[in-house]
Each structure stands twice: as C-alpha cells, then as structure tokens.
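The data blocks that follow each hold one structure.
Both complexes below contain chain A, partnered by chain B and then by chain C.
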Partner chain A sequence: MDEKEVREKLRSYITRELIRDESYRLTDDEGIVTGGLMDSFSLAEFAVYVESEFGVYIPDSDLTVARMNTLDQMVARVMQDMK
Partner chain B sequence: MNLAAILVFAAAACLYGALLPARFRGWALFAGSVIAVYVLQPALPIRYSAYALPTAMLLLIVASWWLTRDSNAHAGATTSQPLNDDVVGAQHAAPLQSPNDERYSPSPRLREGSGVRGIPRDDLVTLMALVALMVGVSFLRFIDVDFRLVASTPPEPLAVVLALLVIGAAGVGLRLALRRVSQRRALTGMILLIAAAFVVFKAEPLATALSRALRFQTGQDTTLASIADLGWVGFSYVAFRLIHTLRDRQTGILPALSLREYVTYVIFFPSFTAGPIDRAERFVEDYRALPGLRGLDAERFAGGAARILIGLFKKFVIADTLALGLALNVINAGQVESPLGMWLLLYGYALRLYFDFGGYTDIAIGIGILYGVTLPENFSRPYLRTTITSFWQSWHITLSSWARFYVFSPLSRALLTRKPKPSALVIVLLAQVTTMVVIGLWHGVALNFLLWGLWHGVGLFVHKQWSDRTRKWYRGLNDQPARKRLWVGFSWFVTFHYVVLGWVWFALPDVSQSLRVFGVLFGGG
Partner chain C sequence: MTLNRQDAKNAKNAKKSRDTTLSCPPKMPKNGHDNVVSLRARVRLMLTLSTRSQYATLLDAAALRLGEETAIVYLETDQPPIHVSRTQFRRQVLAYAAALLDMGIVRRDLIIITDTQSLASIYAFWGALWIGAIPSMFPTLTEKLDPDIYMQGLAELAARSGVRAILTTDEFAPVLARHVPCPVYGSSRLRDTSLQTQTGIEDMDVGATHESPLQTTASEEASVGTRRAVSGGHDNVVSLHRPQQSEGEVCLLQHSSGTTGLQKGVALSHAAVLNQLASYSDAVGLHDGDVVVSWLPLYHDMGLIAGFLLPLAQGIPLVLMSPFDWVSHPALLFRAIHDYQATLCWLPNFAYNHCARRIRARDLEGLSAASMRLFINCSEPVYAESHALFLERFASLGVTEPMLSVCYAMAENTFAVSQTPPGQIPHPDVIDRIALEQQLIAQPTEPGEGAVVKLSCGMPIANTEVRVLDDAGTPLPERRVGELAIKSDCMLSGYYQRDDLQPFHDGWYLTGDRGYLADGEVYVVGRSKDLIINAGKNVYPQDIEALVNTVPGVHAGRVVAFGVPDTREGTELIAVVAEIDTDDAEARQIIDRAIRQTVAAGSAVTVSYVSLVDSRWLIKTSSGKIARAANRDKWQQERGR
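Right, the complex of A and B next:
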C-alpha cells in the first residue's frame, strides 16, 4: 500500500468515524486535535483502527498532540512502520 | 524544597558550570541527586526512618533498573525490543520504533562491552558509588546537629553497611529464586509492588498501621502512630517515573539506560519533590549532552535565574500571601457563613494552588536549566481554558500525560478491541473516570481525592458527549465572530467554575465539611 492510499484511507476514516461529518474537507496539515476535531479518545480509536487496518502498532506515548495533530503526521507515523 | 535548598542548588550550579570538568557533569548530577534525596527528607519521628525511607527508595530504583535492563542493548543492539510474551509486544513482532529514531538509541557507553557477569564496568562503578554515598550519608551522624545537612540523625555506618550487605545478599538470592520467571512477569510484579507501596504510604489506615508496627520495633510510643510519621518525600513522583520505565520496557520503547542515567533521571534533584514528571527518553537526551555544554553560558544562566525568580515570586510572595487566610482551608471553611465570603476564599484557594505549584515548577525548571537539563513544562495558563478537556491539557501537564499514556489510552484500546465490544458511551465513561480517579488518588488515597477524581472524570465525559454532538454547530460559529466570542466567554466561565468548585473536594479532607461549603456557596447555609 503506498502513501497516497494510506492518506486517503485515514482521511476517510477520520472524517467518517471520528469527526462524524463526511462532508468535512480535512486538509493534510490542519491541526485536527488542536482544532477540537479529535480528542484523546479519538486518538485511541485511531490507533486501534491503524492496527487493524495496516497492522501498525502505535505506542500510547506516541498518541499525543505533538506527534499526531495533523494528517501528515499520522500518515508519516503509519508509513514509518509499514512493511 | 525550601528557600535555603533553592539557593544552595543555584549557587552550586555556578561552581558546576565554572569549575567542574565537563566529563564529570553527569557524575555530579548523579551524586548531587542521591545526596539531595536524603537532605530534602524532613525530620521524621520514627527512629532512623528519615534515613531508611530514602535508602529504600534508592534500592527500589536500582532493582527497577535491573529489571528494565535490556541485555541485547549491552551486546551492541541498537534498540530495545518488546518482550515476546508481553500482551502488546506479542502482537507486534517488529520493533516498535525505527532503529534510526534517535530517541531510542542506546547510550554509546552501552556498546563498550561487559564488566563482570554481563554488567558493564560503568554500572558497577556507579553501583559502588551509590553504596558509598549511602554509607557516607550515615557518617553525618558524627557532625554537629547544626551542620548535619540531614534533618534526623542517621544510623551507625557499620549498621548501614551490614544492612546493605544483607539486602544485597537477599537481592541475589531473590534473583536466583526467580530466575525462571519471565522478564515480563518480573516487570509486572515490580509495578504491582510499587503500586502497593504507594497505597500503603498514602492510605491513612494502612500508613498508621505501618507506623504503629515500626514504632513498636523501635520501642517508641505506638499510641502516637500516624500517617505523618511516614512522610516519604518524593515517592509519588518517583513511583510514577519508575512505572513509566517498567511499562515502557515491557512494550519495548524504553531506551537502554545506564544505572547512572536511570538513577539520575528518577531522582533528578530539581524535580524530586514537586515534579515535573519527565520522560526517560527526553531526560537522557539532555543528560548525554552535558559534556558538550558550555560551562559558563550567560544566556543559559540568565534564562535559568529569571525562571527561578519568577517561581520564587509566585510561590513565596503570591501563594504564601494568599495562604494567610485568603484561601479556603479546613479552619475558615467551618467559620465563613456568607456565600460571597466563601466564593472569595474559593477563588483565593484556586489562585494559591496555581501559584504555589506553578511557582515550584518554575523553580525546578529554572534550576534544571542552570545544570543543562530542560525539564518539561507543567502549566500552560490552565485557568484561561474554555473546556475541561483543554484544562487538563494545561494543568499538571506531565501528570495528566502520564495518566493518558499508562491508564487512559491502554484502557480505551483494550475496551475498544474487546469482544463483545462495550458501547462507546460505556468505554468513554470508564476510561475517563478511571483515569481521573487514578490522578485523584495519586494525591492521596482518601475519599476526598476519589471524589475530586470522579468530579473531573464525569466532567470530561459530559464535555466529550457535548462536543461530539455540537462540533458542526461550533464550526459554524466561525462565520459569526460576535456570537463565537460570547460562546467562548460563556465556555470559559463554566469551565473555570467547574474546576474551582472541584477544588472544594481537593482542599478539604472531610467530605461533610465540603458539602457544607457547597451549601454556603449556593446560599443553602
């Protein structure tokens, strides 16, 4: 799976399941957590999704605003451990 | 940490920067932190407990380091691996971090090979230095009480040496007895042991019972036993740092640490008594960079000194002034009858708490800067936050982050993957309440702290339900600046008062007195 595919899958999941507004146009570099669109629980849900969908385990200590605030950061973190 | 200790730490930083050879800076922080563990311990009535408790803490730290050691790292591996039979690690055979991730690279020293029986020489030297410091502190008993540095008379040095030999032999025996126990289980056992010790020392009935037993052993009056006898300074912070390293070792994300790095991280003297709760991988980055630090860096010293002065002003001027009857306490809570008077006391308490704790944090961060270690921030304008969630992202940040990493996220993830999966509502409620109860009980295992934790757990749960349902509407306010300003102001008012009312539980140990205060605040008498 290439980066583009991962990015679109994550974008779709976040808008559908976490923001719960599929019409929302989520950009690559907007602050999803700092913008109030996701919270700590959403990050945990995101981690569970990433693990089931891509087989990538993200440690709890990486589920922070500093490391998971934008779609770009999330994609980079998933790609880091994708084989 | 009193004013004298702060001044000594700051003055010593000048000598550290000006005179100490760069290669000894790590050693200086290690030795200074070990000595500070004893010096910062207040006088305790039970004979020798003011010496025994810090010593027990140091031995617990050494045992935790031993359990978190990654033998692969000592053989030259580049990253710590998750333990194979770990619940998390078993699902993820691949390393959790990229080997190129510098946060997780082992110390260069760890690649140097072994000393005795697989233990690097440097760790053995550190262990000997630690024992020498422990024994050395006991010699302070021969110094005049005015110059003794420690608040209570230490035991005889010979008794200390014998006790350490017995404990060392017991440790070796325990290791042999448990050699078939997996590292994962050993780590879990240590986490449980630390949690149990925490409960015993923080729960009044248990601490009193322990005090009674110790008083009986030392031939002191058992009727005077109380929780105050066991004021184990720094243990709350040490316990959470140890659990962080033990748990991170289980999941394979703990960097390889030498004994000296580990001990210094856990008891680093500026943050020993009042935090912040740093993370090991962040701390060692600074620690390993100490030899390259400029000795007398005017910018660093000015920055550190400014931060200390700000902290001193917050703590000793603002907070201590508010504490002189202008903030809620157990005495005035029972005397004030008017709602306005009680609200003023409550606002005073909220400000006192913030300036007291925030001041200590500034001082700790400032001293850390002087020594070349940048501790994490703990506060970020918490009383200006407009939601309870953002309040907890800006109040005691390192504690709430710890709770998020080790309680909230693992619990949420475990419940989300459970079959059958509970409803999202139940998962959020359980995760929020459990996390906040842990934070509450960390302050003391007592009913008032439990209620304070529940108060915030429920607040976070309600806020999440609200924000999930109004997110679209809230975004729509971006097109209506005046309405948005009004809404933000209202949100701030509600958040601030929810937090302030929560402090009633926190401030007063007696729940019936808290209920009386709520009655007065809302005009019910």
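Right, the complex of A and C next:
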C-alpha cells in the first residue's frame, strides 16, 4: 500500500468515524485534536484502527496530541512501519 | 418517602459481601507476571461509622502517620513507578506546608492548584490542608484551550472568591501572573522552598512511631520549627504546628464546572468529608486488603474523594496515574490493576466503552483483573449496554458481572449519595416507557417493545436520606418520578463566598436530577435542567451556545446546543445547530471548522455534530427562548434516528 492510499484511507476513516461528517473536507495539515475535530479519546481509537487496517502498532509514546495532531503526522507515522 | 441505608436488608447484604471478600484473599493473576507488586496496607484504626468520632479532621488521615506502608504509587508513561511510603508522604506534606507558610499563606486562605496532575500538586494540596488553608484543585490549561479565555476565567474566579494564591506549572506561572489579581507560584518555587525544610523534617522521625498515629509529636514540630528559624529567620516558627482546626471549618472546595468565572465553589467541612468517607467506606465494604487504582482528575468529585482522599485517609494504597496518560492509553489502567493487584476502581460510564473499544489486544497480553472487587460506575448516566460491552471484552481477564457496581454521587454531598451493595448485580428495573414519559410513573413491565430498563444506583449510604419531590416540593411515594432531594451529614457548608446562593430548602438539597425510588433503591431517569454530561464532565449548553454565537457567519442568538445519548461511546455527545445565510460550500466549511475550534478553545469539550441550517430552522418558545429539547427532537428526526 503506498502513501497516497494510506492517506486517503485515514482521511476517510477520520471524517466518517471521528468527525462524524463525511462531507467535511479534512486538509493534510489542520490540527485535528487542537482544532476541536476530535477529542484525545479518539487517539486510542485511531491506534486500534491503524493496527487492524495496516498492521501497524503505534507505541503509547507516539500517541500524543503533539505527535498525532495532523493527517500528515499520522500518515508519516504509519508509513514508518509499513512493510 | 424517606430512606436511608440503615435498612436491615441492606446491612445484611453489605455484611455478607464483606465476609465473602475477607475469606477470599486476592487471587494471583492467571499468567503470573514479573511485575506484580503486593501492596499490603496495615491499618490500625480505619475510619468507619463506629470509629468516626476518633477522627477530628482530615489531618488524622492514615497516610499522614509514620510507616513504610505504601501511600501512593504514582505512574507516568515511560517512567518507572514512584512508590511513596507514608513516612515519605508525611515528610513531603510537612515540607510543602512549611513552603506555603514561607510564601505567606496562612490559615483560611483559598489556594487554587491548577497544575498538571503530579506528586508535587498532591503534596501542595495536603500541605495547604495542614496549615489550615483551603485548597481547591482546578483543571490545567490544555493544548486545545485558548489561554486567554482560560486565564480570564481564573482572573474572575480569583477576584470573586478572594483567591490568596494560585499554584501552577513553572512554564505557565509567569504568564498567568500577568492576568490574575493574586500571586502565582510555579511548582519548582514551592519544591525548592520545601527542600530547604526537608533536613529539619527528617529529624522529626526520631521518637515518632506507628503507635502515635493521630498527632504530630511535639519533637517533630519543634524540630521543623527550629529548622525554619535557622533557615528563614522568620518569627512564625510555631505556625507549622497544626493549627487547631475544628470539624465544622471548611477544609476544601470542589468547583462546579461551567463558565469558569461563574463557577461555584462547593465548600466542604472536615466533618462533611470524614462523614462521607466513613459512610461510603461502609457502603463499599472497604477493608485493609483493598488497593485503589485511579486515573481520574483531582478537580472532579469522583477523582478527589473516591480516587484520592478515601485511600489516603484510610491508609490503603493508591495507584494513581494522570488522566491525560489514561485517555490516550487506556490499557494503562489494566496494566496497573494487574501489577498492583488492585481491588477498587471508579469510572464514569464512558470509560467502560473507551476501555472495551479502544484497548489493543496485545496491550492486554498476560494481564489479569481477577484481583478486582469492584468497578464502580459513577458520575454520568449508567448504560446497561456499557456494562455488557465491558464484561464481554474483559471476562477473559477475570472480570465478572458482580464486580460491576453503580454509585450516584454529587459534589454537594461531598461525593456518594447511594451505592449498590458490593458483589450484588445492580437491579435492572424494566418499566413502561409511556407511563414513565406521560404519567411520571415507573410502572414495572415485561421486557420488549415499549419497555425501558433503568439500572439501580443502590441504597442511600449511611446518614444520607433521599426523597423524591413533585414540582410543588411535596414528597412522592415509591415509583413516582420527580426531583431527587437529599439530606445528610456530609452536605456542603454552602457555596464559597456566595451568600446570595441558598443551596437548601428546609434542609434538603435539590439535586436537579429526576428519578424515583423502588424497594428503597435510587433510580435516576434524567435531569430537570438542560445540563449535558459528556465523558463524565458537566457541560452547560448555554456556555457552548455563547461560544458559537461569536463565530462569524453564525446568526447571533440563533444557535442551540444539546446532548445526544450515544450507546457506542457510552456518554452524551454534543451537537450544535446554528443558523447561517450562505449556501456556498466553502463558506460553510469555514464556519463549521470555526465552530468546532471555538468551542474546543473556549470550553475544552469537543463538538461531535455540527449542523448548519437555514434561517428560521430553530424552534423558539413563545417567550423567544431557544427550546433545546424540541430542537433536539427535530434534529434527530431529520437525521432519521
């Protein structure tokens, strides 16, 4: 799976499941947590999704608002461990 | 109809469950894990209904007695656990008390602690209690909140309540100091000052033993005093002696949530807190083999009383972690339960869903929760579905249905009002929906279409009475729905420096919650007010609406916010409906984004649904007010749910 595919899967998952509005046009660099689009509880849900969808386990130390606030950050972290 | 827990049937149940617990020592985890630590409490004199008279103030807490038993195990992500013994705890508290005196804090001063959760803020809290000042824990500034709005709120609170000082992080202290009308101290200032007094306090241990638990020895006060006299050159040496505090004095404040500047400080006396701890310990069958684990914030009544003061006062070990860590990494809770053989854990309803849905399987490998006695669901409406989900996910770790209990609580009663008996599954009351909604009667019926299930919140705890009142204030019989009212020996003294607010009506506190009594047990069905409880947090829709009204493009005054119960999340989600003028997709997106951002920055809650609608969508009452319930119904209908 290439980066583009990962990005679009994540974008679609976040708008559908976490923002609960599929018409929301999520940009690559907007603050998802700091912008009030999802709460910090959703970081844990995001981690569950990433593990089941991409087989990537993100350690707790990376699951922070500072490190997972934008789509760009999330994609980069997933790609880091994608085989 | 008036009830209290002295009921014979209930006492029998409580006794039975205690006996069972005592005869079954905590089991070892199935998959013996290297990290398991046994925290044994040795409590000579627990605070019970019968020993209550031997406790005068919170300073008689067992954690303040000398001893090597564990007072607190503090857990942080990627850090080794910090074990604090009673002796260490006491020493730190005394050092912080001395540091506070050094800063000029004296008896009856109100101190706001708005630090990130840490051992330092815990010592500061107890240090303030020690010198007879009045501490109050407060939420800290987060990434999402707008610092200006947050600081303005604190400034209003400081002015209104006469706050003497604010304790916060080093980083934030100089910024905050420019915005509030009182001194602000960073945590290192307090820590450094406390370190200066440490040497002197170490001397105190000589001669003080387990056998002199309840009083500071003369020698320890003298040695602290001597040290202070040498180091500081102050003449208030004697003031580190525990001031003579009386039971009736206000010892701490719990702040209600809501618009910060208008938050009410729920003032609690030593007597109220001790009475609550004695009654509630009885209700959960507390014993010296218990270990409490908590991730709850200390500015919340459940976190402060059940997850903090209760274990420290009783001398049972407290395993504590930061809410910020737990929220992103919910498996930490189960790791802690396993590692420390925990037995008691208080959780708001959403936490059951959060744990069940968002813990990764590999984070649970090798863990056991079989040591647990009770998970206590409290502080937001309890969903039977959440218990079922939790049980399904964690049964393999040893979680069983009788471990899942329910408590009804509020800060104005210090904490608990009622509690289901330990080991007894909360009764699911199956009642007729139409009779409930139209006649305000909880009419038992068969499960199925037209039935709703309400879970029991248990019997009132000892010395707390619960009544149900109609709109005219007349008590109602069992199974009639009305406003819940309480009377107890652990109620608030009043709202701090708000003599204009009268919390009592003929000695009863009206809770604002609607419910009924059946077989002596309390059932909560809703609220009289429009309050939203989101993830255990009280949210006032008018606060959300006020924020959304400031967003450009939104018709001011044409906004409504309401809660939407969500069984997947196990809590109420927040929805906002706002009238706007434009059909342009891009302009709408900008408004949508601004609404979410403005609410997050101004209130620290997340809006789950934003609906932008045309003019005249909203329903107003004949007096021109926004009708929240009617608008919620309309919104839900349009979404087809």
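Assorted remarks:
Quick note on the criterion: the second predicted complex is superposed on the first by the 83 of 83 C-alpha atoms of A that agree within 3 Å, B and C clash if a C-alpha of one lies under 4 Å from a C-alpha of the other, contacts with A are read in each partner's own complex, and residues count from 1 in each chain.
The criterion applied here is as follows: a contact is a pair of C-beta atoms (placed from the backbone, for glycine too) under 8 Å apart; a residue touches a chain by one contact, two chains touch by 3 or more.
The shown structure was predicted, so the numbers you read here are calculated from the model rather than taken from an experiment.
Using the contact criterion defined above for the overlaid structures, shared-chain residue A:M1 touches neither chain B nor chain C, since it reaches no partner.
Contacts of A:R25 after superposition on the shared chain: chain C is touched, whereas chain B is not. Of the two partner chains placed by superposition, only chain B is touched by A:D81; chain C is not.
Contacts of A:G36 after superposition on the shared chain: both chain B and chain C are touched. Contact with both chain B and chain C is seen for A:A44 once the two complexes are overlaid on the shared chain.
When both complexes are overlaid on chain A, the residue A:D60 reaches chain B and chain C alike. On chain A, the surface patch touched by chain B in one complex and by chain C in the other comprises residues 20-21, 36-37, 39-41, 43-45, 47-48, 51, 57, 60-61, 63-65. Note for the complex: chain B touches chain A at residues 88, 91-92, 94, 96, 98, 248, 251, 253, 279, 389, 393, 401, 404-406, 408-410, 412-413, 416-417, 427-428, 431-432, 464, 467-468, 471-472, 474. Residues of chain A touching chain C in their complex: 20-21, 24-25, 30, 33-41, 43-45, 47-48, 51, 57, 60-61, 63-66.
Interface residues of chain C facing chain A in the complex, by the touch rule stated above, are 77-78, 143-144, 324, 327-330, 332, 350, 354, 357-360, 362, 535, 589, 592-593, 596-601, 605-610. Those residues of chain A that touch chain B in the complex are listed here as 19-21, 36-37, 39-41, 43-45, 47-48, 51, 57, 59-61, 63-65, 80-81, 83.
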